[in-house]
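Structures given as structure tokens follow.
Here chain A shows up in two complexes: once beside chain B, once beside chain C.
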Partner chain A sequence: MEQMLVNGVVLAVNYALIALGITLIFSIMNILNFAHGQMFMVGGFVVYYVYGVYHLNYFVSLVAVVVVLGIIGYCFETFFFRRIRKVATREENSMLLAVGTALLLENLALSIFGEKQRGVPPVVTGVFRFGSAFLPASRLLVMLLALVLIVGLLLFVQYTKIGRAMRALAQDRELTHLMGVNVNRVSAFGFALGAALAGLAGGLLITVFGVNSGVGNVYSIKAFIMIMIGGAGVVPGAILGAIVLGFAEAIGYALLPGSVTYLLIFIGLIIFLLLRPQGLLGKPWG
Partner chain B sequence: MIQKQLHIFRVLTGIAFFVFGTVSLVVSASAQEVLKIGVLGVMSGSAASWGLVNKYCAETSAELYNEQGGVDIGGKKYKIEIVAVDDKNDPKLAVSGAERLTKQEGIHYIIGPNVDTTAASVQPVAEAAGAIYFPYAFQKSLYTPPHGNAVLGMIASYQAGPIIYKYLMDNKGVKSVSFVARNESDPLDQRDEGVQAAKKLGLEVKSSNDTYEPGTTDFFPVMTRVVGNNPDLIVLSGVAPADAPLLIKSARELGYQGILSTETAQDIKILNEVAGDAAEGFICVGGASTPEIRSDYMEKFADRYKKVAGEWNDEAGTKVYALEMIIATLQKAGPDAINNIDLFKKAIPDFSMKNPFLKEEKPLKYVGTSYFSQPRQIGVPMVVNQVKGGKFETLFVGSVE
Partner chain C sequence: MGLETKQPVQSDVNGSGGAAPGNDCLPAGLKLRFAALVMILLVVIPIVLGRSPYYITVLTNAAVLAFISLGVWVTFSIGRMNLAQGAFALVGGYVTAILSTRYGVSFWLCLPLSGLASAVLGALVGWPVLRLKGVYFAMITLSLTEAIRLLALNGGVVTKGATGIVNIPRPGAIGLFGLTILPEFNGADPLPFYFLASALLLLGIVGVWRLSTSRLGWVFRSLRQNEDLATSIGINVAKYRVIAFAICCFMGGIGGAFFAAYHQNIYPATYTIADSVNFMLYCFLGGLGYILGPVVGAFLLIIAFELLHAVQDYQTLIYGILMIACMLWLPNGILSLAARRDAKQRARGS
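Showing the complex of A and B:
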């Protein structure tokens, strides 16, 4: 029981960091970023090279992740999505573009980084014991760093000027434009921030799980599940979705045979979406 | 004016000679016969290493042969050309890939696919097109009559498992075992075979229902249940190289002190990088990969593999054999076998050569009759490795007859 709770908390915090990036991009641009998992993967590889191969400080590697993924996100928005938003009349175009960017990143990674699973030396070692539950120090560190990042992001979005502009953009793009906000700049910043968050999640979790070129889709799917549960484009909804998925996994794996857990999660998700398609905290569509 | 026309004439004549010379060179170079070999397998996604290692092994062997002017079959030199197709572990893509290789490329010898589902889907295509294929899938019906076009490329888990369990019972006092498998057809079959073998040997099977979904990265919840049973041995059935170190690490972090093993090939660099010290003592199957058993030819192969793939992968130790066996069998069967697989099949039962990848004088032949009622398996040596001090150390070398 204790181990189940510890597993649930660790999973929920890790998942929250992944879900926040994708929900941020969705709220600002109304684009479901299919490349989110691939951005997570690139973040992992940046840490692999900066910290694992070139032996620079781990926290320096996290800064490198923010810079690299920020640039990738900024370029994606500026050169791809902005153009599509301008010329395309159907929403599917940006969705297909998002799928294309996911394939682009995944195949580039396979060519550049190879097919192998990669890992880095542990940043901290040791295992803590709480009653009958084990919590490795590496997981605790990731959890604490993820918590700091989540709180930092919430404060940033709530209290900074650009954070307010992002929230305004999420509510009404045209009105925000009329209020004198540089919509293109805020969109590009929001996309860069979302990409950097995905990369940071990858950079944190490589210390525990490692990374490989094909890992992206798994995280994208989990991110989609979380924002479907919590409500697409709603920041607190992403956190709630992460908590629900994290504990569902931990409890399911503890009490049920492995394969039944995700079967039940997907059945539950289908029933939930039939009853509340907008998610727990989302507004009804349209 | 005349001077200018003369100059133009000279230039045109020069160009004509150059073009003629180049075309002649190209024609004479392309006059060499080409032996096309297909590689079909998963080369993208989380299991990419399975198919890519096959591809890199084939390309490495092809490079080594082509540097010597090609491979000699019936007194004629053939340049080897590798045509690789990614099936993404999807049976539908495996079928279209096999059709492309056999119908468009006219290929009769294919290395791959990697798993039961893709290998089974390729079976009708290969049989209709008259192609021999070398899957790395363990489903017995692929290799059993009336089917005869598939040749298992490595040691199957149901062959390695009982031998490893017996060794651990005799040498490490193992009395109980738990199994954990990826929720896919191949690993689940391997788990079931492993459970049967363990029970037959008298081991107590403490649990075998624990599985994880493909793509899982956090194995802590899954391993919590497995470790909770406190078995002497945990078998990771059909585990992918990307998953093995994470499963091992989770088990050790949960305080597990027993032995962990698998019947699939793993890579030491991945184990070291991802699992670190937790990988110490882990037991897995290898091929001609550990330095103490490698021949000079295998060393040369490994050096070239690093250039082709960028770095060495221990999985290649088990996958180096397929192309070598195809070529050697064709040499024995004669050049007509390149397009007529019946001649290739006829040559299989009596085929034998010295294993070029091992130091020791060991024969390499087709085996598997006791499992499949016909010799449809490459007699890859069963090398069982254990991680010691961050390196693979060969525990013992067995064989399948």
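Showing the complex of A and C:
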């Protein structure tokens, strides 16, 4: 029982990073980032190469993740989504482009990294014990780092100038433009930040689960489940969704054989959406 | 019910899609084009390529994938981006596999039954899920593809889990009063399967074309434009969107059943998210405003994919880049090029 709770907390905190990243992009760009799981996967591979293969410090590799994913996110926004906002004739266009970027990243990864499952040596060793539950130090480290990042992100969005601009953008794009905010620059920065968060989550979780180039869709789906539970575009909703999914997964994996857990999560999700299509904290729409 | 009036004549109801369904304003030209398509599919290709099984196989795949994508096109026409088609193809495939291996049901009975099973499941799942719109619908249908795969994986003795169902019998002969109308399909010759696939595709095109020019088609388009407005003129929105979704699932199920008998096996991983995404991309690259969009998209992409075999390692990568390029520079699909040319000619003529 305690073990389930410990696992649930570790998963929930990391999933919150993923959910916050996708929420950030969704709320300021109104684009659902289908490539989020693929960005997670690229983040994992950056850590694998920088830390696992070239043996640099783990924290250096996390900085490298931020740089690489930031550049990817920035380029996606500048070259792809900015153009599609101009030429799009229907709502589906930007969604399809997002799907296309996911395919591109996945195929790129497949060509560059191959299809093997990759892991890295543990960053710290040792095991802590809480009652009857065991918590490996590496998982504790991952959890703490994710917590620090989440708090940092929330403070950043709340109190910095560019964070305020991003929140304004989420509320009303045109008005924000009128207030003299450089909308394009803030969008690109927001996309880069969201991508970096996905990558960091990948960089953290690779130490626990490892990564392979086909893992992207799995994490994209997890991100979607979380924002459907919590309500798309709402920051507290993203965190709540992460907590629900993290614990559901931890409990399910402990009690049920393999993939039955996700089957039940999907069935539960469909029933949940029947009752509350806007998610727990989302505003009613449509 | 409203809308019981005469069919509107103007064809720009498609609105922001940019491309009106050029189909219903040019029936004569369309018939001619369709006849040409029939000739190419059923006569020219078998004669020219009949001796090379490889090309026939590629074209068979393309035809049935195009058929499945036509279903996705129907859900596009009610303004939903459907990423669950892989799931319903999987359901259709499993229905055929289970019925034919366990109960010895003939393929020709399995085929419609698979479609029906998928349609019923689609209607049941679609009823709650279709309340969602836009990205929310895309997300839940994407999850649905994964859910059905997991269902197949955990189906125990019914689906045989990850080992899948193999040795699915090929379609048998059809006889009427002792007269063989259709000979048994054998493994040596890919042509019978090719003819079946082409026939399915042609039937699908005619069916969807009839659908989209009928009253139902106009109702679907009105749903895409504005569901609230459609409700206000007395359209039962919930009913019609379930109908559209069930039609889509029906086509997915039929396609899945075909592939199950064609490849003689089915596994949980036969249709994954990538397949669902591909079905949607075929529609999009051909052009969402055109019924032939998914057909053109499927054939072009599948043939392009085979041609890229020469570059082996970078095949999928180039494929991905091509698709993004198409989205950025051809947002209305490949057929919008033809429409643009037609419009120019008409402008010059008048």
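In the analysis below, the second predicted complex is superposed on the first by the 279 of 286 C-alpha atoms of A that agree within 3 Å, B and C clash if a C-alpha of one lies under 4 Å from a C-alpha of the other, contacts with A are read in each partner's own complex, and residues count from 1 in each chain.
The rule is simple: contacts are C-beta pairs under 8 Å (C-beta built on N, C-alpha and C of every residue); 3 or more make two chains touch, one makes a residue touch a chain.
Because the structure is predicted, anything quoted here is derived from the model rather than measured.
*Asks:* Identify whether chain B and chain C fit side by side or clash on chain A in the overlaid structures.
*Replies:* Once both complexes are aligned on chain A, chain B and chain C clash.
*Asks:* Would you sort A:E249 into first (chain B), second (chain C), both or neither based on which partner it touches?
*Replies:* So A:E249 only meets chain B here.
*Asks:* In the overlay, answer first, second, both or neither for which of chain B and chain C A:N57 touches.
*Replies:* In the superposed model, A:N57 contacts neither chain B nor chain C.
*Asks:* Tell me the contact category for A:L104 with respect to chain B and chain C: first, second, both or neither.
*Replies:* Second partner only, chain C.
*Asks:* Quick check for you: in the superposed arrangement, does A:P277 touch first (chain B), second (chain C), both or neither?
*Replies:* Second partner only, chain C.
*Asks:* Taking the superposition as given, does A:Q3 touch the first partner, chain B, the second, chain C, both, or neither?
*Replies:* first
*Asks:* Quick check for you: in the superposed arrangement, does A:A232 touch first (chain B), second (chain C), both or neither?
*Replies:* Only chain C is touched by A:A232; chain B is not.
*Asks:* Please work out whether A:N217 is in contact with chain B alone, chain C alone, both, or neither, and reply first, second, both or neither.
*Replies:* Both partners.
*Asks:* Would you sort A:N184 into first (chain B), second (chain C), both or neither based on which partner it touches?
*Replies:* Neither: A:N184 stays clear of chain B and chain C.
*Asks:* For A:Y262, decide between first (touching chain B), second (touching chain C), both and neither.
*Replies:* both
*Asks:* On chain A, what residues does chain B touch that chain C touches as well?
*Replies:* 106-107, 110, 217, 221, 257-259, 262
*Asks:* Report the residues of chain A in contact with chain B in the complex, numbered from low to high.
*Replies:* Contact set of chain A toward chain B: 3-4, 7, 10-11, 14, 52, 106-107, 110, 114-122, 127, 134, 136, 139, 205, 208-210, 212-215, 217-218, 221, 249-250, 252-254, 257-259, 261-262.
*Asks:* Using the touch definition up top, name the residues of chain A that touch chain C in the complex.
*Replies:* 26, 32, 80, 83-84, 87-93, 95-97, 99-101, 103-104, 106-108, 110-111, 217, 220-221, 224-225, 227-228, 232, 257-260, 262-263, 266-267, 269-271, 273-274, 277, 285-286
*Asks:* For the complex, give me every residue of chain C touching chain A.
*Replies:* The touching residues are 16-18, 76, 81, 125, 128-129, 131-136, 138-140, 142-144, 146-147, 150-151, 153-154, 227, 272-274, 277, 280-281, 284, 288, 313-314, 316-317, 319-321, 323-324, 327-328, 331-332.
*Asks:* List the residues on chain B that touch chain A in their complex, please.
*Replies:* 43-49, 52-53, 180, 183, 209-213, 215-218, 220-222, 224-225, 241-242, 245-246, 253-255, 267, 269-270, 273-276, 309-311, 313
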